[in-house]
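Presented below are the structures under discussion, each in the form of structure tokens.
Same chain, two partners: subunit A is paired with subunit B first, then with subunit C.
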Partner chain A sequence: MKQVQIEKNALPELIQRWAQSAQVVAPVKKESYTAFEVITSPEEIELERAHNTRYPLKALFLPQSEVLFRYHNGEYLPAEAQDSTRVIFGARPCDARALTLLDTVFEEEGSHDPYWKTRRAAASVVGIGCDQPCESCFCTTVGSGPFDRSGLDVLVTPVDGKYALEAVTEKGQTLLANLPELSASEQKQVEEIQQRAASQMKAAFDPAGVRDKLYAIFESEYWKQVQQSCLGCGVCTFLCPTCFCFDIVDETQRGERVRNWDTCMFSVYSLEASGHNPRPSRLERTRQRLMHKYAYWLDHIDQIGCTGCGRCVRYCPVGLDIREMIRRAQAWEEA
Partner chain B sequence: MHKNGNNPYEPMPMRIARAYYESNDRSLKTFELVFEREADCKRFFEAYNPGQFCQLSIFGKGEAPFGIASAAWEGEFVRFTVQKMGTFTQAIHRMKAGDPIGMRGPLGNGFPLDEWGGKNLVVIGGGCAFSTLYALTKHIQHPSNRATYNELCVIYGARNSGLCMYKSDIQSWYGREDLQIHQAVDVPEEGWLHHVGYVPDVVKEVAPSPENAVAVVCGPPIMTKFTLPVLTDLGFAPETIFTSLEKRMKCGVGKCGRCNIGPEYICKDGPVFSQAELQALPADI
Partner chain C sequence: MSDLQSDIRKEAARLLSENSVDVVIGFENASVPLRPQPAFIKRAEDAEKLVFNGFCQNNLATFLNRYPKTTRIGLVARGCESRAAYALMVEHQHPRENLVLIGVSCAGILDWRKVEARAGENVLSAEEVNGEVKVRSRLGEFTFDRAELLHDSCARCVHPNPVNADIQLGETLPEGDKALARQPIAEFEVLSSTERYAFFTHEAERCIRCYACREACPMCYCAECFVDHTTPRWAESTVGSSGTHAWHLVRAFHQAGRCVSCGACERACPMDIKMTYLTDKLNDDMQSLYGFEVGLDDTSQPPFAAFSLDDKDRFVS
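What follows is the complex of A and B.
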């Protein structure tokens, strides 16, 4: 699609233009990390850090805690519609791709989640490709890449003192209206940057056959070994851009029915009223997490349910590395 | 924001028309709910298939899933039998006729009745899991449905006679010519005229023929576990044995993630599965 360009120092101007008709959400600097927030001025944007935001992009569409509805004196009161127009600037392609995976859950044919759908329809996502992937990144291994366009309306490629902007969707074209086009030679340069970034990333493992192997070792000792150091803290799932499990609880004092992120790494997650728990130990829970991403997602939509963002690798307090877990599974042979 | 009907989390307003204890020990209570809005009622009965479940909802207490225990022809109400177990079921047990309550559903797939036409049906239930089988049996009993199916054999066991549900109705089934009923209690009891023993043993004793038949098994996991091999020994193929599963469920519409067995969600792809389908899934039950 159409490629346009702006000088790097013209970015604030473009963002201000977007801000006239939408909330602009972008990564801002926090103590030791970055987070997506509504910005009031383009100077707040923090793009120089190579690392992704701590919370994934999904949090803007499936908030960690969200009011489904309120009730008062036994009466149902609908929640306010979350339909403000938003331009999300500075998303990474792995996070945007994750949105397309979650769309298959929340916008499943005949079974829409209205909260997700409303937010998705009201947002445009402007992503920045990663010309310097991090050590923990492995998007190319799982079928994505540092300039993956899925889930994006605009893809931005940093080139010398400029940004090359490619409209991926009609929403994206609207955002890029009246900007100067990229010359043919510059376009070639952009492609080279994109290809170079992808080629710099080493394969973390061979994804072919992962699903079948995990099914084959479902009852094996592998799980006992691989979960040994896991604390069951659940950070890998909370910060995962494709994890979507939630709990529904009533906040009695506020009179709200709320959904909160939940995690398959907790024992109460699957504990039944009878006392029976189908996943009583970390073994079953670790197995569920890995198999969901690398087997069940494939069964559903033939795509790995991991976009290689590397958050679970970076934030695991005991250094468990999902790439290493998959490699060990692939090498596993029954004694 | 959302009109009713397109927000899957919005409970329909219902009212408890009848509430009565189902068991002598008051651990089981039956509720018959009626609709506050005509449109909800219409939509519910257009969609309802025996074997489905609903999320019952009490503002301030949350929600929990229960199998539907009534057939559509019984009237414009929805029946549930609730065993007192946790916080939600304790709260609902305190409710009485006239109280408002919320309901979402019907949810899940229900029994594959279209595939069962012309077949002999063997219905095997234990404990309060018999509720959806009661709905199934009631559905089949209706004169306009009865001719669709061949013979109907119902085997229903409870720990003791005090825990037997739908007593007076089931008692009247003994005189009927359109079905065979076998009731059992676990241990001998004075005055008990029917089978004594665990459900798997009773199934062995009754020995239903697998010829042109399907078997439906709903009960506590331990009962199901020991009944399936009995059916296999009798000659039932895995494709002809059906069971209904339960797991902790929150949304009931395949979004919240927690009720999966392998790639299947109990709430959306189930709760009814054939044994053949279950055999293809990882052992995560």
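What follows is the complex of A and C.
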């Protein structure tokens, strides 16, 4: 689609333009990291970080806690519709791609989730490609790339003192109306930057055959070894852009039915009312996490349920690295 | 390779080959730089995998509860790990006779976040040489003084030496400065209650309830944590002030006189939440009110866990 450009110092002006008709959400500095927040001024935006926001983009569409409805003295009170028009600026392609995977869950034919769908329909996602992918990144290994357009309405490529902006969807075209087009030579330069970034990334593993291998070693000793140091916390899954499991609770004191993120890494997640737990130890829970991403997603939609953002790799308190777990699975041979 | 590391390997291999222990818990290198991983060595020939350096950030005593009480465990134990091990013995979590403490005096854990803040987001490797840390990142090569990279809890560590270890490796280090350790507590105490609450709220509000702090903590071993209890629910699981405040406050109170001030909770937190200002204050209260400090032997019970018929304060009658 058509590519346009702006000078880097003209970005605030463009953001202001979007802000006239939408909330603009962008990465801002928070403690030692960045987080997506509604901005009141373009100056708040932090784009210098190579690392992604700490908290994943999914939280803007599937908040960690979402009030589904309220009740008071037996009366049903619907939750406020989350339909504000939003432009999300500065998303990374891995996070945006994750939205397309989650669409298959929350917008599946016949079971649309209205909360997800309303937010998705009201948002445009402007992504910035990664000209410097990080050490923990492995998007190219899992079928994506540092300039993947999936889930984006606009893809931004930083070029010298400029930004090249490519409209990926009609929503994106609207956002880029009346901006000067990129020349053919500049377009070539953009393509080179995009290709160079992708080629800089080493393959973390060969994704072919991962699913079959995981099924083949389902009952093996591999899991016993690989889960040893796992603490059983929720860091990897809560920071994961594609994990979507939730629990629905009644916060009775406030009269709210709430959908909260949950995680297969918690023992209480699979605990049944009878007291039986089909995933009684960290072994089964670690296996579930890996199997879901690298086998069950493939069974369902033929895509790996991981976009290679590397958050689980970076923030695991015991240095567990999903790339290494897959490599070890692939190399595993029954004794 | 440091002498300390080779000594740890030697001792681990000896214990395993003499069949004195069933497993040695230490650290091994993982695929991510600056992040050695807990290791569970069962064969003498695998002792070569063990590593020991300033980036070994977990408190290994947290893994003691994974094993039946009959398992003979060799634990690579720094000051805080040995104290956690003793605190766990007091609470009957693992018997002294089935625990071999491979004591290592600790110069303090290096905070990978501090390394990244100085050397850039993409660190490729780091090595400790004579009190300095040489770091290679995408931005180039850097040399830092070890002291500036210490994790906050380690910078104010009082007990760097293992308590009553079975094997002592490396030279004994001078004890830390108690006055220095008390500084952050004093700074918090002088705040008004409104300011203290604002500080607490600012920290707690970033919590994503992943419970990495709980899982990383050697003293959090309840079979069912109060936040996981569903009938009745003691705390809201919804992320918001009610449940999150309850989690942070009750967690801290459960640690009163039990926390060994290792800071593993803060190192595990993915959201950079400060937590030790609460537990350190509670430990300080235990010192001043009851003269108690945790983890110095295998018999003294934390005051809030102890019960005595001769208790002079008969508040329960």
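The rule is short, and it goes like this: the second predicted complex is superposed on the first by the 335 of 335 C-alpha atoms of A that agree within 3 Å, B and C clash if a C-alpha of one lies under 4 Å from a C-alpha of the other, contacts with A are read in each partner's own complex, and residues count from 1 in each chain.
One rule holds in what follows: contacts are C-beta pairs under 8 Å (C-beta built on N, C-alpha and C of every residue); 3 or more make two chains touch, one makes a residue touch a chain.
Keep in mind it's a predicted model, so treat the numbers as computed, not measured.
Undergrad: Give one word, clash or fit, describing how subunit B and subunit C relate on subunit A after superposing.
TA: fit
Undergrad: Treating the CA centre of subunit A as the corner point, state the angle out to subunit B and subunit C, nearest 10°.
TA: So the C-alpha centres give an angle of 90 degrees.
Undergrad: Should A:K213 be classified as contacting the first partner (subunit B), the second (subunit C), both, or neither?
TA: The answer is neither, since A:K213 touches no partner chain.
Undergrad: Per the contact definition in the header, classify A:S65: touching subunit B only (first), subunit C only (second), both, or neither.
TA: second
Undergrad: Which partner does A:D247 contact after superposing on A: first (subunit B), second (subunit C), both, neither?
TA: both
Undergrad: State whether A:C264 touches subunit B only (first), subunit C only (second), both chains, or neither.
TA: The answer is first: A:C264 touches subunit B but not subunit C.
Undergrad: In the overlaid three-chain picture, which partner chain does A:H300 touch, first (subunit B) or second (subunit C), both, or neither?
TA: After superposing on A, A:H300 lies in contact with subunit B but is clear of subunit C.
Undergrad: First (subunit B), second (subunit C), both or neither: which does A:V318 touch?
TA: Touch partner of A:V318: subunit C, not subunit B.
Undergrad: In the superposed arrangement, which partner chain does A:S136 touch: subunit B (first), subunit C (second), both, or neither?
TA: second
Undergrad: Tell me, in angstrom, the smallest C-alpha to C-alpha distance between subunit B and subunit C in the overlaid model?
TA: When the complexes share the chain A frame, the smallest subunit B-subunit C C-alpha distance is 6 Å.
Undergrad: Touching subunit B in one complex and subunit C in the other: list those residues of subunit A.
TA: On subunit A, the residues that contact subunit B in one structure and subunit C in the other are 247, 249.
Undergrad: Report the residues of subunit B in contact with subunit A in the complex, numbered from low to high.
TA: Its residues touching subunit A are 1-2, 6-11, 13, 59-64, 85-86, 88-89, 100, 102, 221, 246-248, 250-251, 253-258, 260-263, 268, 282-285.
Undergrad: Which subunit C residues qualify as touching subunit A in the complex?
TA: 30-33, 35-40, 57-58, 62-63, 113, 117, 121-124, 138, 206, 208-212, 214-216, 228, 230, 233, 236-240, 242, 267-268, 270-272
Undergrad: Quick one: in the complex, what on subunit A touches subunit B?
TA: Touch residues, subunit A against subunit B: 68-69, 71, 74, 76, 78-81, 105-106, 108, 111-114, 118, 215, 218-219, 244-250, 252, 255, 257, 259, 262, 264, 269-274, 276, 278-279, 284, 288, 291-292, 295-296, 299-300.
Undergrad: Contact residues on subunit A for subunit C in the complex?
TA: Listed in rising order, the residues are 30-33, 49-51, 54-55, 64-65, 132, 134-136, 228-229, 231-235, 238-239, 247, 249, 251, 253-254, 256, 258, 260, 263, 266-268, 313-321, 323-324.
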